[in-house]
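Taking it in order: structure first as structure tokens, then the write-up.
Chain lettering (A, B and C) follows the sequence in which the chains are written, and residue indices restart at 1 in each chain.
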């Protein structure tokens, strides 16, 4: 379809205010939270309702135009990177909270609703929405759903997939389905919702999402413990888990991170090789007893300092220090590359050791901040973009770190997704058969391969159906994939 | 390359720049409002600052839009920026594209488009540095920025957006050719507002206009509806005029003299809200200050600075420094948020001027917002009970730009009987933003309405805020919603009433 | 229908003579008798068997403990039963990481015993004795603990499957937090063996609770049951399970509370306090607790067993609708349910036509309100009169497309699933 006509068609659906087509404006959408990859979209559209989305997708399907969905554009794997000659569907204007049903502990929202709004909406009633990625003040529910976002509380409470109960989805062919039971459990049929969450926008666009609300706990206690190094702190973590305690959150930061955070935010953290922040929540009596045990374990592991948060303000300060970690890197380095890897918790010690070895080999500093309870690491590779060759070195080091994670039985990504950034590593974790079988799912949802094509899998599997009326799939044309 | 120290102390020339928006006091203080703290506590999600933004989505569909009703001139400049103070690459590179600024940016909240967010605007600046020209589209999005600096407060990486937008606006004013009517309108504003005498002259006919209800007649006859949006906006902003109170040049302290301070009487403040100035002087005197209000003072240049009219703003800055610097003052006290913020910036603004650089810095170091100052020296005068429920509205240039949030609240809470309510979405601008509500009336009106709704929800009987621009904007918005009678006051007016033992009615009926 | 004959020799070559046998009536599924039962001992063998089955055009039904045989509609065809009984290894248990990797033929009881040695549990407690891990995943079986811990989909973190064409694929991994690739573990959960054979699965574990108490309240009306359940659901007590038992002899809402010794009393007190406004409250003894089960009726002789899924707050409406429909047709209901999550199990005895009417009525009510009524156990004659699943939603087309991608030849359990898939 010729560009002018496409613009006119979209303007007819959305009104002129819903279509962005001027070059400078398109450029602001050329990347999401990951700036390493940029593609200028052909067009950016901003639907305000599910009907809009359906019509946009229908148009794209009829004309064979690929599209990418985007929420707040804060993803860290390039999942919302536009596709060349494609449409970028931005859902930030679908930001209404549609229904609150506290009796059934459900809330229905549009995909552009910001994560934290959900908790704010029901806070007065004593409820909240548990998945709390660090980006929660800006990331959208739709984006969280696409990436199956985690957060510091996911060890105890689970991830987005455990809190999404239903969704209205516009499939890539423009049809609309309702998957998951919403307020009702165990919808008959396949667990389509479970497969959809975390599919990184490659299977369709969710236009209404039913979330589960959690009752606020009776009691919350937080303790900050300082250790000589991450190994010791790791020992404390093992002790806590071994004692049968499931903390609401348990986070670790290493010396370099502590330094950065102190410089930028000054929460008053003790000087240490590693800091562990542990939070327990639940019924008062249970928490009180387990909390004592946590402190005991920290002491047994030679914590140099133990600070119990006396009040909400102090607790907020601990967490502020932790959550400011990424941003604070700016104060000790010019640039940083945030990696996301996950290893079995029991392998953390060995992996951290390996990371520090790599850091020495490469001559680049690596700061570590991670979710100690589930082994999800965020190594921050620090470098200087202006120093020639350092950016490439940093990327390579980040890649090596991911391989170390795999070697130790971990995964390519714990939270940020594969997106564009980690496609190339997929063959390290999965065989061709594995990936082919996964793509069977994609073919069922998106036979014409127009929905966020090119993400997750390094080689697209053509679905055996003729895509649209117009042309051969460019990858097929280039001889890079076969119709199989 | 800018020296990377804490990254916060601005100009990077190593000197201690007293003013730095990113050095805002409140950023180091994690405690937000009580509700925010409680929320943060209960769900253990992190610091209140993470949750502090209680911004909700705009309930209705988008009103304002890209490219619609926009004064496009077709001007085109490539490269976008020249060498005189372009937005600095190093500052731009501080932005890691995380997007934390989006939910707190008023235009992003309204429009939901990337280009009208701080992240997007910085991106446009970046592209302008060497890839894209300066044209209608780029300028449009920079113009739509309110300069409220909520993004500076929210940014976890310490991006100095304030410096970036100021540099950019300077470039736009010099290099972008505005459409003739747009240009004329802006000129008119700047020929009028920074000049007290001209304002007074306009005030005269304005009083007659109001006395004879001409505005109402124009509304009822339908003529008002047919005037251009900007004219209607200005008309709606006009306050009910009082007789101007003169401020004496010297006021003696009550009791022991603790400080000798100067006060800026301002332009709009003095002509339209002179009672605020009188109250300020009385309060300072009551707290033991010898108050000097030089007659020769003029405009501090805030409006010009924030609009990027560089030469004009520097001239105002120099004159202001000249007026105040040799008066042996301990501090210069300012009761208008926008003015205080700019005066604290003089050091940075005049950094290139060898004659003024050091003097400007010294001057900026001596500037205080009046609430900030009172809390600094510690209140001594006896406060009488003043039982009223008040909603405190954070002016952007006080809260975000100067980081002064706690002090005005403390000042109010020190008055027995005061019940100070927090306004939801406190961090979102009311839409005043200097001349914004005159040049961009539609988004300003939406923001004003949003803020007015949030204020009404508090159930307060009086609104307290530290900026004349906010006062005008809120009055206008409330009036449009049929609540024009809701009283507004400056914190100093409230404190003054309390110190003088006045009953609450004096403020409410004023 | 003619059961196709699987080539015995070829099968024997793959798995060994002793691991293939002739099927008997015991191996029938809803009256459809296969010809052979094969018991492969490894992934490779399974893959080879499936390749063979596909090329011969056979219909295959995987089977673990055989406890789910009654689920689904009667099969369109069934030629070969693929038993996982020899895949009985616990591959890896890492207590420190709280994960276990287990082959699909391992019985849940066996697994729990092994995990208990490290003071851990797999937080699944379906009632069927002898069920294997593979069957539990394939059927999405759950028990009372789903209230606190979720169901299979919330606990499974990795899976290895063999597709109908013999392809072996894995998804997920052995870490709890993992978003690499599609979540096929979830797709296969509840797929009832129609997408492929589950070879092994990885799960996240939980610490074994040290103390437990069950507090029960006698409820006289459906409304009281609902209110009592809601009181617990919306409190901060953090119960482990909320169960409804409703029959002629006993109408009880029981709340399972688990904690550390230092916390159990407070929970017990809290729950008792909340429940006492709804009826008589008492803490059950161990014996009484044991006698409460089985908590979901597996379906006696001619009983038709239903699973009604509705919004949890609608519990009383569910009870009313079932009791009303049953009474009007002289059908005797036995009701249990996971009162906190909206899942209610109903066992109905009576004349077959009356039973069909009851189910149709209840189904009509709850489907209209966004829920579902599934017949999870019934005599074959009943199943021929009424689809066990109901109509399904607007996602049926998508469901079919998924099936056709994974099993284009309809080799796996044809006809048993939703929409006749």
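One rule holds for everything that comes next: a residue touches a chain if its C-beta (ideal position, glycine included) is under 8 Å from a C-beta of that chain, and two chains touch if they have at least 3 such contacts.
Note that the structure is predicted; figures quoted are calculated from it, not measured.
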Compare the CA centroid of chain B with every other chain's and tell me the farthest one. C
Which chain has its Cα centroid closest to the overall Cα centroid? A
Starting from the mean Cα coordinates of chain A and chain C, work out the distance between those two points in Å. 31
Between chain B and chain C, what is the separation of their C-alpha centroids in Å? 62
Just the number, please: Cα centre separation of chain A and chain B in whole Å. 37
When you check chain A against every other chain, which residues touch at least two of them? 216
Note: in the complex, chain A contacts chain B through residues 16-17, 20, 22-25, 27-29, 31-35, 46, 48, 72-74, 90, 92-93, 95-96, 112-114, 116-117, 119-120, 123, 128, 132, 134-139, 152-153, 216, 220, 222, 248-249, 263-267, 279, 281, 311-313, 315-317, 319-320, 322-324, 326-328, 330-331, 334-336, 385-386
Chain C residues within the chain A interface of the complex: 94-99, 119, 140, 150-151, 153-154, 161, 163, 167-171, 173-184, 186-191, 195, 206-208, 210, 230, 233-238, 259-260, 262-263, 265-267, 270, 307, 309-313, 341-343, 370-372, 374, 389-390, 392-399, 401-402, 404-406, 417-419
Under the touch definition given earlier, write down the residues of chain A that touch chain C in their complex. 101-105, 147-148, 150, 154-155, 158-159, 161-162, 171, 175-179, 181-192, 194-195, 197-199, 215-218, 238, 241-242, 244-246, 282-290, 342-346, 371, 374-376, 409-418, 422, 426, 429-431, 433-438, 440-445, 447, 456
Spell out the residues on chain B that touch chain A in their complex, using ranges where they run on. 1, 4, 6-8, 28, 30-31, 37-51, 53-59, 61-62, 64-68, 93-94, 96-100, 102-103, 112-115, 119-120, 123-124, 127, 132, 135, 137-138, 141, 154-158
